[in-house]
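Labels A, B, C and D are assigned to the chains in the order they are written; within every chain, residues are numbered from 1.
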């Protein structure tokens, strides 16, 4: 059994973007295990050259529909860093709040529409409408919460309008924020339902550990998605975001032609599990409880547990979101207009996308037009780690037979919540 | 058409337009009562070569994509271009303002000549095959998408705005961006978005493409009135409408 | 007819009192401009506004409204019967409502418009702050006599509340401590009116109002049409914001069951390119010039002949809404008079 | 005014298609009856709005003579959404009807006792047929009747049985032409104005009635002028884009006139100076 295996998944489904899995084994001997990304390269770094600093976030948000707020924020932070623009505490809080909406939208989409079908043994969310209507309803309500939250803060679901260098083009009203607060509170029971479903199915997550390095943003006192330095589970000291190139160390793999990243080992992982492994102590009470319920502890190196880390992050952003709204309301909304002016300079913006740490670097000329850009996206940083996981996983699970192995491998890819269309910087390998 | 079979395919894009379909939330269930999805990589695991309606997201940037699009066109009775990347090329066309070698080396440096990086100037879907319906916007507006699907299902030609965004901007009771000294592409951009950007305090970026007969000459003279130059205007236009004269 | 005197504070109290009983639309700040919107409490109500971005026509002829619902081939009328109060309408906008009333009630009565109209109580307000483009003084609409249920005029620091109709009486009913205005105060409104008539003239108008239809009659080939239209975007902004423009489109929209749905009316405009296009492909006003000219004929002659007065009330909204700055009726009519 | 007692001018009345018959590649014939049993009560030249829920509404001329009261007829060209959908309907299907609307040909006053000259181009025969039928039904009330009909090609001729009938009648003159003939076509070839020089009329006791595509009017009017017809005695039916049919939506305006209320039938002397009319 399982002597010869030939897996060729042309485009893993239920992930954002195109990725292929290739496994060839003859008589128990593994000949090839590959994770490929045939996504059409889109050249964003080339395209933003010559564009005005006011247009950058509008362009780069189009790198990815599902992390458009994150890309916009990274770009805006990069622009503000380069142009030495300071923003008010109000802007800062509202941006973090906007950023949270994307974590809610993205995590609930990923868990509900992309992962749940695997755990429930079906092909997609479509059959679940009939078989598990309550689960589907719950997922929809959470996803909708994320979207309404996003629309309020950024003006739209996908591709934000209001967040620009210097501030907001349109501010939410206090009444609208109170309304959001109410909606978030009403979302907690739905979160509990989702948690119970995942908890009941947690045993279906494959038991697979592979120690690796985890990299995420770290701030002093909060479980951070927005501010902070670069932290790794392999080192004590954090690294300034301006030096991100020396952390990601993009390289061309001898095994493939893809540009991969590594820091202290062959590969590292980013994403919810990485954030958890770096910041677990800073979680707010609700999320801490969820971690406990799942037995998720700092230092976990089962990539499938990324899904659980996403779940507890939903609690984290809900709880912290409520706090932030309180703070904004207590100070009361001031009618601030975004202020910025062109200037030559270079800057870096670093934030956590739902699927991991994201870096943008820009240089501008005196008119504020972009002269150079470098974007390093989380999925690109995970590709090498997925490949390394595969190399350990395939021999371990080969006995399960071709079909199950294939499913386990697809589930692994999905657990990273890859956002392949983001991979502006990722090179793929030869196709078979 | 009895419950048409629908397949969704993506080319170079951010997949944000597909996301707008997911963002229909409960209404997706209604959508499923009108069409049967047979391939939708982002949401379901099935794949199929038999479908009545093909929905194309993204721009065409490589020769192999062009072939894939032609195959899809051959198989489908109805082809819908979903979103600015497919309808007008969208942001992907910004690339066309540079030489392709320059584009590749600026991103990939030494590795620029690798075969899988082959890229050519971005094309919209209708530059390669016949497109039956266009769902404009970056991203699309899912209410318009729903409307178009319903029209196709009832055999009706959807009525898509041919007039500029200003109409909807006025309905939204916004103050015109020009009054704030900004260049807004609203007067030459096709409406249908409910003036989403001006209503959120920004100018119109032109993501729905031009109206049928944009008055470019007026554009130029008016810029002077507002102390702007044609260059300023072009800087803005290229964002979504590089090389696009008119629809 | 009865006259009361109120301080601004009394007035706000009155509005709060109304709000406990009925929907009130009043003028509030929208960014650095003004707009009619549903009031939550009187504190956001602005009585010193210059002009609203959209005229109050949006409450009688909304940008989008359902005329009918259907199920299979069976139709039902959808009529909005909710009563409301429109608080703080300037005289020129009231004059526009008077014109619209004629259009929608004469010949074939439009129950969708007229029901809203009949259910509305209008509290008019004499202008306190002139807008930069208002020329209602030229159009005889800076001051209005009648048409309203109640008229508020600020004289010095108090308001004269002129209650005209049964609806007006109904509105003021239950207000305790009403003070009847002394006749001298009531009369002193004439000063306000005379002042408004002369200061609401942001642009000069050379022809007299009665002269305009005749001027238009002989000006079809005038060069001004082509000159101005050259810059026109056909964007329709001028008609959307105009209190006397009422052209519309009608479209059906199905529900997901595909057999039920709505017939929806939405604003349309004669400045838009395909407005006069028919099925064979013939466009009866194909050029920008023809459309631009049509608009000024409509204001100065066609609609004017139907409603008995020039169909521009001088609110100046089109002047500020037009990006190329070609939509000023005064400029156009002056040109015709000059040559 | 109480809303409840007011009639909704936009509310269609239910009606049933008694017969649906394709006429040509583009045109379909419909025989329609109001479900209430009420006769439509139109005058020759008027139109009604026909609705299909979910698709829309369009103004269509009533093509039958008012003499028939148990049903009315329409002929509709497939040019867009509604007209395409109508073509797929079958006998017994339901539609909505509003109307009749608009002005009509003056069959009972001006036309009485006069010679009549009908000039119909293409679809123009459709509205004109109601008045032609009416005058034929009351043949004795009118003098000489001449009907000119032109189409682009023989295959576009409408009501062919009726045309044949007219051709055979001795009490009327029926002239026909097509822009382009084909093998089977034995009649005149050329645009409609080519028929006119051959007609001799007494301009003082003739009423001319004209309907056709926008382009036709200018040329027909030139010919009528040559015949010394006065503008007072020329009537024409004009088409415009219409959304409401009741004088509100603004689409059908011809300068200051509303095609839906002041028209569609106009006396030419009343619109000779209306620049956008012809």
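Here is the rule we go by: a contact is a pair of C-beta atoms (placed from the backbone, for glycine too) under 8 Å apart; a residue touches a chain by one contact, two chains touch by 3 or more.
This structure is a prediction, so every number in the text was calculated from the model and none was measured.
Chemist: Chains shared as neighbours by subunit A and subunit B?
Modeler: Shared contacts of subunit A and subunit B: no chain.
Chemist: Max contacts between which two chains?
Modeler: After tallying contacts for each pair, the winner is A-B.
Chemist: Would you mind checking which chain's mean C-alpha position lies nearest the centre of all protein C-alpha atoms?
Modeler: When every chain is reduced to its C-alpha mean, the one closest to the whole-protein mean is B.
Chemist: Could you work out how far the Cα centre of subunit B sits from that of subunit D, in whole Å?
Modeler: That gives a centre separation of 44 Å.
Chemist: If you average the Cα atoms of subunit A and of subunit C to get two centres, how far apart are those centres in Å?
Modeler: 51
Chemist: Express in whole angstrom the distance between the two chain centres, defined as the mean CA positions of subunit C and subunit D.
Modeler: Distance between chain centres, rounded to whole Å: 39 Å.
Chemist: Taking the mean of the C-alpha atoms as each chain's centre, how many Å separate subunit B from subunit C?
Modeler: So the centroids are 37 Å from each other.
Chemist: Going by the touch rule set out above, which residues of subunit C reach two or more other chains?
Modeler: 251, 254, 258 - these are the residues of subunit C that touch more than one other chain.
Chemist: At which residue positions does subunit D touch at least two other chains?
Modeler: 54-55, 80
Chemist: Counting only residues that touch at least two other chains, what does the list for subunit A look like?
Modeler: none
Chemist: Among all the chains shown, which pairs meet the touch rule set out at the top?
Modeler: By the stated definition, chains touch in these pairs: A-B, B-C, B-D, C-D.
Chemist: Can you check the complex and tell me which residues of subunit B touch subunit D?
Modeler: Touch list, subunit B to subunit D: 154-157, 159.
Chemist: So in the complex, the part of subunit B that touches subunit C is made up of which residues?
Modeler: 27, 30-31, 33-34, 146-147, 150-151, 153-154, 159, 162-164, 166-167, 169-171, 173-176, 178-179, 186-188, 211-215, 217-218, 221-222, 225
Chemist: Inside the complex, what are the residues of subunit C that reach subunit D?
Modeler: Within the complex, subunit C touches subunit D at residues 67-68, 70-77, 79, 81, 103-105, 107-112, 114-115, 118, 220, 246-252, 254, 258-259, 261, 263, 268, 270, 275-280, 282, 284-285, 290, 294, 297-298, 301-302, 305.
Chemist: Would you tell me which residues of subunit A are touching subunit B in their complex?
Modeler: My answer: residues 11, 13-18, 38, 40-52, 55, 58-59, 62-66, 68, 109, 113-114, 117, 123-126, 129, 140, 143-144, 147, 155-159, 161-162, 164, 168-170, 252, 257, 259, 421, 424-425, 427-430.
Chemist: Would you mind writing out the residues of subunit C in touch with subunit B in their complex?
Modeler: Touching subunit B from subunit C are residues 30-33, 35, 53-54, 63-64, 230-237, 240-241, 251, 253-254, 256-258, 267, 269, 272-274, 288, 320-321, 323-325.
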